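Got some structures for you, see below.
Heads up, the next two complexes both have chain A, just with different partners, chain B and then chain C.
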Partner chain A sequence: MGEVDVDPIITLIPGIDSGQRHLGFAWGPGDLLTYETQYKSQGAGSVGQACPFVHVVRKDEDIYSPILRKLFNESHYIFVGLQRIKEEVPSKNKKPQFISISKNYRSVIRACMEELQQAAVSTHDTTLATQYGNQVSILLAVELIWNLCEVLFIEAAPAGALLRHLLDWVRLHKADVDEKAQEVLQSESPVQHQAYWDVVVCYVLQGRMEEAAQMLMKQASQQPAARAAYKLMDTLLTKMPVYSPGGTQTQTEFDVRWRQWHQECNRCLEDGSFASYSQLELICRILVGDEDTLLAQRERLSTWYHFLVTRLLYCHPIVKPTELHYYAQASMDMFLDARSGPEPLDSILLAAFEFDIHQVIKDCSIALNNWWFVAHLTDLLDHCKLLQSHNLHFGSNLREFLLLEYASGLFTHHSLWQLAVDYFDHCPEFGRVYLELQIERVPLDTEHKAVKVLRICEQRQMAEQVRSICKIMAKKALRNSRLGSALSWSIRAKDAAFATLISERFLQEYCSHGTFSDLDLIDNLGSAMLLSDRLTFLGKYREFHKLYGEKRFAEGARLLLSLMTAKIAPRNFWMTLLTDALPLLEQKQVIFSAEQTYELMRCLEELTADKAAQDADRPLQVGRLSAGRTGRMWETWRAGRWDLNGPSCSRILQEDDIEATKVELLRLALARNLALAIVKEGTIEV
Partner chain B sequence: MFVARSIAADHKDLIHDVSYDFHGRRMATCSSDQSVKVWDKTESGEWHCTASWKTHSGSVWRVTWAHPEFGQVLASCSFDRTAAVWEEIVGESNDKQRGQSHWIKRTTLVDSRTSVTDVKFAPKHMGLMLTTCSADGVVRIYEAPDVMNLSQWSLQHEISCKLSCSCISWNPSSSRAHPPMIAVGSDDSSVTYTGKVQIYEYSENTRKEISSSTGPTKFEVQIVAQFDNHNSQVWRVSWNITSTLLASSGDDGCVRLWKANYMDNWKCTGILKGDGSPGNGSSGQPGALGTAGGTLAAASQNSLNGTSVGR
Partner chain C sequence: MECINAKFVSQKISKIRWRPVSSSTLQQPDIFATGSWDNEDNKVSLWSVGEHGFSKMDDDFEGDPQLLCEYQHNGDVLGLQTLSVAQHWDRAHHYPCDSAPCTGVVCNSPEIVTVGEDGRVILFRVDHKGILRTIDNADSSTIHAVTFLRTTEVLTVNSFGQLKLWDFRQQGNEPAQILSLSGDRVPLHCVDRHPNQQHIVATGGQDGMLCIWDVRQDSMPFSLMKAHSAEMWEVHFHPSNPDHLFTCSEDGSLLHWENSTNSDTPSFLQGGRNTSIMSRSTVVPVGGNQSLTSSWLGGDSSKVHLEATHMLPTQTLPVNSLDVLGQCLVCGTDGEAIYVNKRVPV
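Up next, the complex of A and B:
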């Protein structure tokens, strides 16, 4: 059998002269960018004006059609259901299930076709209408092939039952008869209708004897003179033996009865019972399976496979599956015009009749643009254990290859990519690798989408992808100065270095503005705090503020001190902490114990010693301010009228002055506190 | 295939490179007009130019994006013998409203004495590393030890390829099974016995790159398929993101696409070529559902009204 081969399709890029310039390209997700360029490496490369356009080239992808999207969604649902069917049950017991699944797929295709058809009819846009029309035609072909595959491969009916199924198949795909019949019956005078005989003959061609007989009765009642002939025809039609599988008769019995009936039909022809009634004669000829008569009905049959099935019905009703291909080839040769070769569809159907599943799949892959059909069909056939796995070069099998192709195509779509994940999950060999590669590329437009992607990665223990996505989101948040978001993403990424950086930023913000942003986040860090030292400090520092706000001064004081003594606080922050201690030192009750006060003083000295060492040439201007000025500032501060760490403070004083003032105030407060503490601790309550 | 969209790039001279960012939402173009332009894709699929600035004092040959883990970072290389690293700065709110962003230069790499022909970032698992290759055959590998400070780059390795280099490509695999590898291509017109493609591997022991060029080598090289359809010089080849499709561009002015079927038979599955008209082309209409599919449709002789719903 000849292979269906298609030449590579040429796509023209407008505005570029291939004779003069090169075509540059760059791959993107799901498309290709092309532009005019010149690859010559010598020289400076300037050529003056060139084609100014960059063209985005894409494959004709059905995934962009809103109607077909339903097809993808619903078939995904069926696919996942199929994968879950338990392995332990032997294949033959699962046959009814597989047939039902196959029918489900087909009904989804049909539903989609209906919608497309309606859209084609109702749209005013002619290009769109043509597009829809094309899609409908393709789906029709797809469903035709699928149905045949279901009958031959999955149902795998034996001789006798096989023909029944083939008849059903033809009837389903040649349903214009019913429409015509409706038209005829609803007309004033059905027998006068020009399509009347069309309908009758088509019924006969499709083996619909009862309906043909009923139609004929109308004619019979109109022509009393011909009653005998019509009665005879009625008998022939209704008495045709029909094989019912599982019935009481054996094949041999049926064969005998059928031959008898066949002979009777022949007799009617020979003794001219229908000689005066050309139409009835025609029908009788069909009943005996006369080849020439059947061929003459080319227009009503319209396809070679209809011709094939009709022929089988009236010549070989107990055709065996293994004999099919012989009749199929012969029918095709007889029916089709010898000059033109078979169309791809014909070759595919023929391959099916030859039970060459691989050829069917291969030809469909080549002839169709979209992997949807071959992927799902092959998957189903594989579940029916009908495919011997061709071991491929890289060890995967046909089913997986097709599913990977299909799913990869889905991944470029902004919402269908989620369906693709399930397909990859059920490709044991390469599914995971493909998923890892492609899920990283899903654009993280919103936090919501990022979380969706993350969940998928986390469920599959894709640790590296999780880390990478979180890092990307953290970085993005940081760029947009959304510190809280950045911090939570870093925590999720378990990125200690980045968490440290962001904590620093938070602290810097506090230093310049006196407040924290994103309090909720910092308050609820929990154990995540331990990710980095700086983060721990941030959390604890905020805790201190909370304690202070709740007036739990003693606890707050202890915490504040521990931040310095346990070296959790970075050195550059100690001044701020000490300054935060001031209000505690100035409370009416003594909060810091003597011991604690000594600790604080020690910290202060450590700090000033450091600073003195740093500013060797700029001695600390300790005594620069007059006692009076210091005193007044002290009172102002105590009255709560400014915040030592706040911006207004810096307007009033120079930086060095601020430092000096702070140190002075601290020393004063510490000394006072120490005095009070010693007294308190030394007092015995009576 | 069809042309889905045409973007008026508006460069004043020939475009030499176009590059998508990692997620396919942004694009950078560079040209002989010495500038780089950055484009952003909107929800509806339209492209807007959000930045355009002069980057070098010669034709800009290549532009490439760093992995988004490092932020919004670009690198460019030029005929002016330098390569540069650029970072996007989040602008003022009125800039954002106008849809403009700013890119500032973080560093200029001036080690090359000839035109720098390609610049590529290494795979992200290696940290923030950049490689350049020059017309005088030197490949340089730089690293930014602090990924938060893009102004500090140190030259880690210098490889003399002995042939004029035109392109480099990193092995993207992050598998620990093998060390990092980089392939260098040459357009040197001289006859060589060592072949025009060299592959370098990083050796932990000697802590430098060792060459294993195509010649007697530890790698087993197998030709899987060979085609001469271009019938002329082939200038560029590149795999798509899933490495299932290969594209090649040649002197015949065409881009050909190559794919293997499930039996591992390679064939050409598509050709892109200019339609011969000069200058101002614009986007065509999206085509119908595949010409090949159309063949199938035509053969399906059922009328549009001939479907029945049952079953």
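Up next, the complex of A and C:
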């Protein structure tokens, strides 16, 4: 630790003069917040106008590009598919699958690149076009590296086959030859076309012998005099031995044949068969692998790795993977001597040729501003069991570290966060912790989104997060006075405390309005009622009202009493319950039995005793009421003009008086009912 | 699977609908609209599927500032139903509910009904500027979806496992009928009506269960089927061949249900990983009239074969919306992809 691989890049923030001002900053998950501070450097008295902005500094802009979003989405599918292979196929021989997955990744990169190219061409905005152009060149490099890694690490071809793959690699990334060839062939006279020889030589440099020979045939038919020379070249080109790893040919056999062919080329050169045809001689020199001739083709080769592959093709066709890096280093030195030095891409490729996977990943991480590439490549290589030896000083391992970084970046995006979940899932050590921390911070604008986030948490048994999300939603609903909605959220979260709070609100609402809201919900609570005591009470109390409404008085009375005796009802609500009992006591038929009436009385006394204890220092309120006054009130109430819970009552009397009156009325009603019940029960017994 | 085309569109799709084609012509639908969600600015886009293979064009649409502005306010596009493009634009600025998200919209020309998280049901008319009718406190929980049952009746589903039937001829804020799931009050997320038989309704809920209801008879679902392992976001009867039903879900699958009353074919369930059928066998009202008894309510489970087929290759990200018309099916996912299948076997 401590050493820095490359010097940090300086980012200038527009609008802030860093020479004059001091900057404060705070880290975000994928970005940085910077702001100007008020700190004064010594003596500088004039603070001047401070910059009123907070700047968000983002390292990764690509995530916000609509075209690159497709890359993230499509590769997500491939990534998930790759993780499934591990589970489904236990056999060791999974190489073909890994190769096809690697190819899938690359085709996604290519598709993305093509779209970016089109966008760059069609846009009129020059800055946008440059931006697209830059992204294309990054993707090109990424694809180039990926392809090489696929050839060297995943395919891991043995000597002989290795070169074929490398040739394919070079051909794929130097496709401008085909465009040029198309142009030449479509012209009126291909042979006269100025790019004709260019195309032929490029074909030869890429080892595309048949195509080169076909091109040459056209020239031969135009120059009857030179037929012999062209014929000879045609033979040389078509006869070049090609190693096919699947065939019957052994490596030694191939070596012998190749040497013969090589000698033949040399002989042709020495006896001057092509002496009068400069272009054919050039081709022949390439065929014998003459280094100076090859180096002279710098323009056509354009890169040192093309030079390397061509050189291997004509000098060392059965190069072993272990020898590769000698040639690579040498080719690079030879090719780049004129220029200043290797660029990041060059050193990454060189590291790949040296089979130093970790160096490749490290250099890529430094050179690219996005974790997409390294995370996916590392994951794939890890599946191929190529990364076991390396341990980090931090985190768990390289694969997981990179995946976590990539996924955290995705999580900062307003929409791509959903993809990140699957990446976290496949990080065995810290994935879950990361997910837990990130998922709680997803802004929940709609219930739709909340339901989706909840499902993610529930699938992973993240009880803590489920509770917090439901609580957020319940709070939100409560703020909008959507009690029903709030209640259903807290039921989903099994959050007893919050359910109690909401139940209180329902009861308060009942007390002030005399009616329940959200009946559809409360009537259908079912077993959810048992979540909290208060909710049970709410449900049961509503049930009482329903029974009362349906004139099932006996059942209602029983329920009402049990609410108090079983201590389901909160004590401060008893008075309301007892008041609710009043009309039942006043029915013509006897509803409360004598025993039930005793129970009611006991409840009332308990309540008044409590109250008396509380008001011990105050004069007893009940005593202030004269018997006559109580009687008057009684008449009024019986006439139906009073609603004891209603607001009109409170306007007439002081609060204490209401309480006292209620108690008096209750006592009276209870006594009358008791008398009636005793009489009635007595009569039945006789 | 080879006839399924996928396209990545750089936005998470919340709704997707075909533009209806007139039933007299035999042509296939070729234009559909999508709505996105969870973007910083969400949009509605129109796509056309050309006759030759799969050429798609993003026609336009971002140009309507009123629409964009409304949607930015409301957040994600959650409801989308098109009759024709012109009408849709007209309607966009009617979106109601102050700041409360509107969750569903249904159109039965010329009436439009929207429902929202605020538990309101609001009735619009295409040619009217204002609101025709609002039912406040229609529901104490969130209403998730709405469908027309008859010209004056709509059916809503809420997050408390209830279906409510509203009749706009009746005054007051009371539903004409409430149907509900027994046991756990599982939130219902989608509802669709049988195209020919208006009393048959399919719903899908949070637990991925597909319920078939008969709104005439029972306050309980007629049959329950375990369809998906997570929230079912949409259910659709095939408009012209209602023995076929399509469902899509948060678990990333899209199921094609085929109901055949032909008792000769052997009963088998194909493709469904977790598809089991628990049909509450109820006595079918004896009536010789075949056209009256729908195969969906054919209670005798030995005669009814329900076949569920997965329509999409294995995938993980939620499928939010689907629409089917003729032989064409489209669906949109959170993986920012649109799948188009132009040869659905119906």
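As a working rule, the second predicted complex is superposed on the first by the 490 of 686 C-alpha atoms of A that agree within 3 Å, B and C clash if a C-alpha of one lies under 4 Å from a C-alpha of the other, contacts with A are read in each partner's own complex, and residues count from 1 in each chain.
The rule is short, and it goes like this: a contact is a pair of C-beta atoms (placed from the backbone, for glycine too) under 8 Å apart; a residue touches a chain by one contact, two chains touch by 3 or more.
Since the structure is predicted, the reported quantities are computational estimates derived from the model, not experimental observations.
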Touched partner set for A:480, first chain B, second chain C, both or neither: both
Partner chain(s) touched by A:562 [first = chain B, second = chain C, both, neither]: neither
Touched partner set for A:343, first chain B, second chain C, both or neither: first
Contacts of A:293 with chain B and chain C, given as first, second, both or neither: neither
Residue contacts on chain A - larger count, chain B or chain C: B
First (chain B), second (chain C), both or neither touched by A:579: neither
Touching both chain B and chain C, residues of chain A: 445, 480
Complex interface listing, chain A residues touching chain C: 66-67, 69-70, 73-74, 76-77, 80, 414-415, 418-419, 422, 445-449, 451-452, 455, 459, 480, 482-485, 487-488, 491, 517-521, 524, 526-528
Touching residues (chain side chain C, partner chain A) in the complex: 8-12, 14, 37-40, 75-76, 78, 100-101, 103, 117-119, 137, 139-142, 159-162, 164, 178, 180, 183-185, 187, 189, 206, 230-231, 250, 315-318, 334-337
Chain A-facing residues of chain B, complex: 1-20, 22-25, 27, 29, 32-33, 58-59, 61, 68-72, 79, 88, 90, 117, 124, 135, 148, 164, 166, 174, 187, 235-236, 238-242, 244, 247, 249-257, 261-264, 267-311
Complex interface listing, chain A residues touching chain B: 6, 8-39, 41, 44-60, 62, 103, 106-107, 110, 113-114, 117, 120, 127, 130-131, 133-138, 140-141, 144, 172-176, 178-179, 302-303, 343-346, 362, 365-370, 390, 392-394, 398, 401-402, 405, 408, 434, 437-438, 440-445, 464, 468, 471-472, 475-476, 479-481, 501
